[in-house]
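Note that chain A is present in both complexes that follow, paired respectively with chain B and with chain C.
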Partner chain A sequence: MKNIGGKLSVLAFSSIVLIPLFLALDRLVWVAGFDPVQWFSAIEANHLSQGSVGFTFLQAILSTIATIVIGLPIAWQLGRYKWRGSGLMRAILTMPFVIPSIIAAMGFLAFVGPHGMGFRADQDTHLWTLIIAHAWFNMALVIRFTEPVLSTLDRDLEDQLRLLPAGKTLWGKLRNLWIPLLTPSIAAAACMTFIFSFTSFALVRWITPLESTLETVLADVGERAGISGYEVYANDLVLASSLIQFTVMLASLWLMSWLQERRQSLLPQASENSNLKANPRGLLILVPGLFFALAPLVTVAWSSLRIPVREQGELTYHWGVEGWVEAWSGGYSNTGVGDALLNSLGYAGITLIVALPLGWSLAKTIHELELSKSRWSRFLDVFTMLPFAFSAVMIGLGVLLGILKLDGELNSLWLLPVLPHIMLTTPFVVRIMLPAFRGLDPSYDEGARILGLSQSERFWKIRLPLLRGPLLVAITFTLAMSLGEFGASWVVARSGEWDTLPVLIDSLRSRTGWDPLIQPTAAAAATTLMLITLLLFMTVERFRPKGEGGMF
Partner chain B sequence: MLKCNGLTKAYSKVLFENLDLELGSGEIAAITGPSGCGKTTLLRCICGLEELDSGSITLNGEDITSMRTEDRGVGLIFQKPVLYPHLDVGGNLRLAGGNIEKALSEVGLEGFSTRSIASLSGGEGQRVALARALLARPQILLLDEPFSSLDHELSLRLVEDVRAVLKLRNCSAILVTHNKEEATKFADIILEIF
Partner chain C sequence: MKTNSLIFALLLMMPAISGCLTETISKEFAGDQVMVPDMELVIVTYDVSGLTDSMLSEFENQTGIEVTLIKLGDAGSILDYLLQHDGAQTADLALGLDNTYLQTAIEAGVLVEHLAQIENLSDSALEPYDGPLAVPFDQGWICLNYDTDKVDGENLTIPTSLWELTQEEWRGKVAVPSPATSSPGRAFMTITTDYFSNDDDNSTEWTDWWSAMADNDLIITSGWSEAYETHYTGGYGEWTDGYIGDAYLTVSYCHSPGVEAYFGGNWTHSAALDLDGASFHQVEYAAAIDGGNLIAASAFIEYLTSEPVNVNMPIENYMYPSLEGMDLPETDGFRYHSIIPTNSANVSMNTIAAEMDSWILDWNAAVL
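Let's turn to the complex of A and B:
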């Protein structure tokens, strides 16, 4: 690694990621003592976490299956047939993935709860609501992973098979072409869905309040951990839950990386098929799919204007903007939507200022190492993905406990939420920019050198304009992620004054006692965040490279 | 053996109209003509990948005009070798059934069955595609400019090799090409479309 910038970016990233987590681990072990058997046995021994391991795996596996079952037929229709407005349909169907999870939770509760369609009647349906909500949230992954394979498949491969004995029957076509070709993409999407469901926080917290996952256990007991002699069990639970999550996520990420390599090797196609046929019957799948994607979001906006009124034991509704007025004035919370939005935008802005150049520099360094065939390229590539192996709550706790180890006073620092946001977003910037660097034709830079352009001139005049698309995707993605981030912010920023918009929405929903304006107020705050996220999402869609698929 | 009567196909312009074609058993024909004249479309119509506007096709006395592509008994080799990247050479050949090693030796690729598709050169890829097409025992083999992406020397060598294999099997074939030299070396009869 010759360049100073590259060395500095690696050093900065290592410090941001490793130091707080190392300090947190050190603090927890110092309080709890090094006794792994005690840590793990505490999970089943403590009523706060009993059954959480089983429930975490159960809901994650069921959610993964449901996501594939719902997402795959939609991807098939989108990829195999010609649709008018397919770009818009694709955008709507993949939108749920970028919506902050707290809004997804609100949308589902409003949609199937007692003030919506009333499906969510008892504890049994809580689990199914969670699974469907996870499928809603993650179906974009299945669509984005499999649809490019379907839409860019060289038609000659299909035609050739039809002319061979093994491709005469539908089963023959499935067995010899579709199943082997789609399996790595489906499995990669399943892996990501499993990871997201396994570490889901807002949806579990709100949809299955009577059940705990490892992530909600971490969030619930985390604030009691790290204090010597005080509720030592909390340290055991945090250590055990974190270690299980870390191991499962690391294994899933490894599997995911292996599957992605296999997936890439099965993608010899270059361009999208232009001679697709129409399939009117496919509307039977796409229309319900579009309804499914939009319903929870529309319900959030709808419920912000629907005010319940209880008169003589009867519940009726009227339309009004009282919820919006309360949300913006802060009548039910420490801060109004305006202040919380400013906090969120401030945190997102600072996150962007740090994460974007850091992620850019790391991606560029990895690419340069790849070009020089250095073994360090693979190491750095994997190292930049390390935060993916930590859940949002784990990162939040890591920062909280790590800072506590340094200086307890720092816990009230308003800037604190920026640190987990940087940890969470920088790997995404790297993942977006690295393929862009790899795809950049080196002859562009060589030509500019021959013309006598300096390094900075080549950066401003050549590289930056050529990488404008992925750079804008990285900017909007970082902003959207930071604005919607809930798990880590919920752990780190609960002082009231510095509430982010997702934390404000959660605190509004958490108010006890019946008040007709609570639900519309929380929904109004959620609608504000949703509209900003959608605006950012539409920007991303404009600049997202076509046909690549994957998460971004 | 192959009899095409009054074939007509048009998109925005007419590609061919009332085209008649007859090919005897074991006979090899080449069709030449400029780009966009409908050579490839004609092959795709014969094997059923495209629908004709009018006309009929019979193969060994059986009318195959409305038959499914899968059931026509026609083989096709595309311009670039269409080999499945998730399968090795042997796996690709197994899709057609038959004796894989014998088929590979026939095209000069002994011991290639475990090779990955990515490791094949352009010429080797086309030989694998030919071996697979022949393994399926088609009644007629259609070749859509399969040598055009290869260098001159290699393409001429392959032209001779493929012709020899086809003659050995008494398999009828139609080659579409814009290269007259290739057509002369490969075919018994040459048809020109304008």
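Let's turn to the complex of A and C:
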């Protein structure tokens, strides 16, 4: 690691991520005492968290399986056949990943609830609703990971295999071509899906209210942790939950990093000149897929305009914009949607200013280490994903407790919520930029150097134009993730004046619903956020590099 | 700085002279004689519905004090916040601590005597606490609510004691919020400690009832809204998207059926259960925070307990006012469907503060 910028970026990232988490851990241990046996036994000994470890694993494993089962046929159709409007289809099918999970929760509840399909009353359906919601949320990962492999596969490979005895049967083709080809991509997508399902917060909080995951336990007791002599069990639960999460996540990330490297080495074998054919029967998969991706979102928008009226035990509806008026005027909250949106955009802008150069520099450093065959490359690669290993709630808690330990006054800084946003979005920038650096032909840079261009000239004239696509993807992704960030903002002390849009939506959604106008108001706020996210995501599709093997 | 200090000292003395802090501040500001730059009030509260935009704007216009809210989950979150920030408080006023949390805050030394001049607080609002560290701004009674369509005397009989809820016919049909994570849940657990220590049966403890309830598939939720909105069949939850609807009886306020009727066109199928000793008088307080802006906090306390503002508590915050002679409105059956229980649990704030930690541990052991 020769460059100063690289060292500085690693130092900055380490400070942002490690200092708050270390301080939080220190404070928790100070209150709870260093007794790991006590921490871990507290989980099953407390009604609040009993069964949460088992449920967390169960739902994460089932969600991962469901995501692959749903996502893979869609990826196959998109990758193997020619479709008119494939860009738009791809955008719609992968968009759920950047939709704030709180909106997804509202959409799914409206869809399965008493005024939708009406099977919410049966508690057995809750787990399956959660799993389907997780599959909805994460199917973008399966599509993004596997579709480029499928779409860039040289058809000659298939033709050659067909002529061989081992490729005569379907099983033979699967065993000798598709399984070895797709396994690393599917496994990498599975790892990421497992990670996001394991630490999912809003969906679990709303869809399975009777079950706890480690993440909801953290959210339930987190705010009372770190206080000396007060409800000490909360500290035990936070320590145990976060340490289990950390261990499982770290193992998954390591596996994911290893798989992605294998995947990268497999990709060059494929040709980009694949000959895509039309396949009308594929619509049987793509149309339900598109419906699945859009249904929860349309339901939310629809609920914002359907105004319930309760009269003498009868519920009737009329169409109207009362919910929108209340949402924008702040009639049921202390911040209107307009102000909250400005706050969210402000935070997203500041997050971008920090996370983008930081992520760029980290990705570049990892790539340089890879080129020099340094063993530190894998370490730094996994290290930049560390915020994934700590859930959003734990990161929020880390910032809260960490800052409190440093100086309580800092807690009132309006900038504070930006810190977890930076922690959570920087790894995404790295994940997007790293494959782009890997794919950059070094001969361009070399040629420019020989022609006498300075380092900054080479940056502006060569590297930046070549990386324009992934850079725009990274910008949009950072903005979308920051706009939708909920878990960490929910934990970091919220000042009504600086409410972000997701926090405002949750605050509206959590209000007692005596007044029937509350639900349309919450749905109107959610629709606003959804539309902004959609707009960002549709924009990015135009700039996505074709056949890009990156995570997103 | 010198001017500010002088103004601060003047303002400190004024309540004693003129009697009303809000009025004093508003007069000074209205006359443009005194400008206190950047007078700000940070209120830490849960999502108190009563703090509407228009109500806060009116206060800001009257006093020139700019209000910022820090909104947390519930009353317990306010105490957590105050304790976590002990010694480095960032807020000036705590709004929403109730009488199950107030004593802990007082003992932790995070509150300070306010300067507000308030008259006409009702005796009932002052019953749990009548001191200088906190002012009641609303009140209510927590009790069991039941669905009159289901608990109709035929399919299920209206319970006459808490023990009846442990019988087979109530299996899986009662939802309560957890005392570990919910204020109403905490109040209800407090009720049971008192109820079973005063019943005729000396062979069983309150924890035995909780164990029997757990064996009878009691639904324990993390908060009030999950119990009332998601599980309870008698309330507005049936109109909401997350509704499960498997509990015919839950913990809420004795006036919750009144609120249901008010928003349902004078119609409800929920009723409060006036069971002897099975209710809890809950009072919510406004309290100035040690180290905060005492003037601004006191001005807001006066404003909140002024008649024109406090009278709106039932409509804005779904709670009883704290002033003498005020009641719930008669509109759309609000008052008609609300009850004030005849005999509430009698547990002092001191006992609650001293025992709560061990009660929660005992409760946890009983329901596991």
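Following the convention adopted for this analysis, the second predicted complex is superposed on the first by the 525 of 552 C-alpha atoms of A that agree within 3 Å, B and C clash if a C-alpha of one lies under 4 Å from a C-alpha of the other, contacts with A are read in each partner's own complex, and residues count from 1 in each chain.
We take it that a residue touches a chain if its C-beta (ideal position, glycine included) is under 8 Å from a C-beta of that chain, and two chains touch if they have at least 3 such contacts.
Note that the structure is a prediction, hence the values are computed from the model and not measured.
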Superposed partners chain B and chain C on chain A - clash or fit: fit
Vertex chain A angle, Cα centres of chain C and chain B, expressed to the nearest 10 degrees: 160
Chain B versus chain C as contact partner of A:P180, first or second or both or neither: first
Partner, of chain C and chain B, that touches more residues belonging to chain A: C
Contacts of A:E223 with chain B and chain C, given as first, second, both or neither: second
Partner chain(s) touched by A:P114 [first = chain B, second = chain C, both, neither]: second
Which of chain B and chain C A:E311 touches, first, second, both or neither: second
Contacts of A:L11 with chain B and chain C, given as first, second, both or neither: neither
Touched partner set for A:V69, first chain B, second chain C, both or neither: neither
Partner chain in contact with A:G331 - chain B first, chain C second, else both or neither: second
After fitting on chain A: smallest Cα gap, chain B-chain C, Å: 48
Complex contacts: residues of chain A adjacent to chain B: 154, 156-157, 159-168, 176-177, 180-181, 265-266, 268
Touch list for chain C against partner chain A, complex: 42, 47, 49, 51-53, 56, 68-73, 76-77, 80-81, 83-90, 178, 180-181, 219-222, 225-226, 229-230, 236-246, 259-260, 262-267, 269, 318, 357, 360-361, 364, 367-368
Chain A residues within the chain C interface of the complex: 45-48, 50, 106, 109-110, 113-116, 120-121, 123, 206-207, 209-210, 220-221, 223-224, 226-227, 230-231, 233, 303, 308, 310-313, 315, 329-331, 334, 404, 407-409, 411-412, 493-497, 499, 507, 510-516, 519
Chain A-facing residues of chain B, complex: 47, 49, 68-71, 74-76, 78, 80, 82, 84-87, 94-97, 118, 132-133, 136, 138
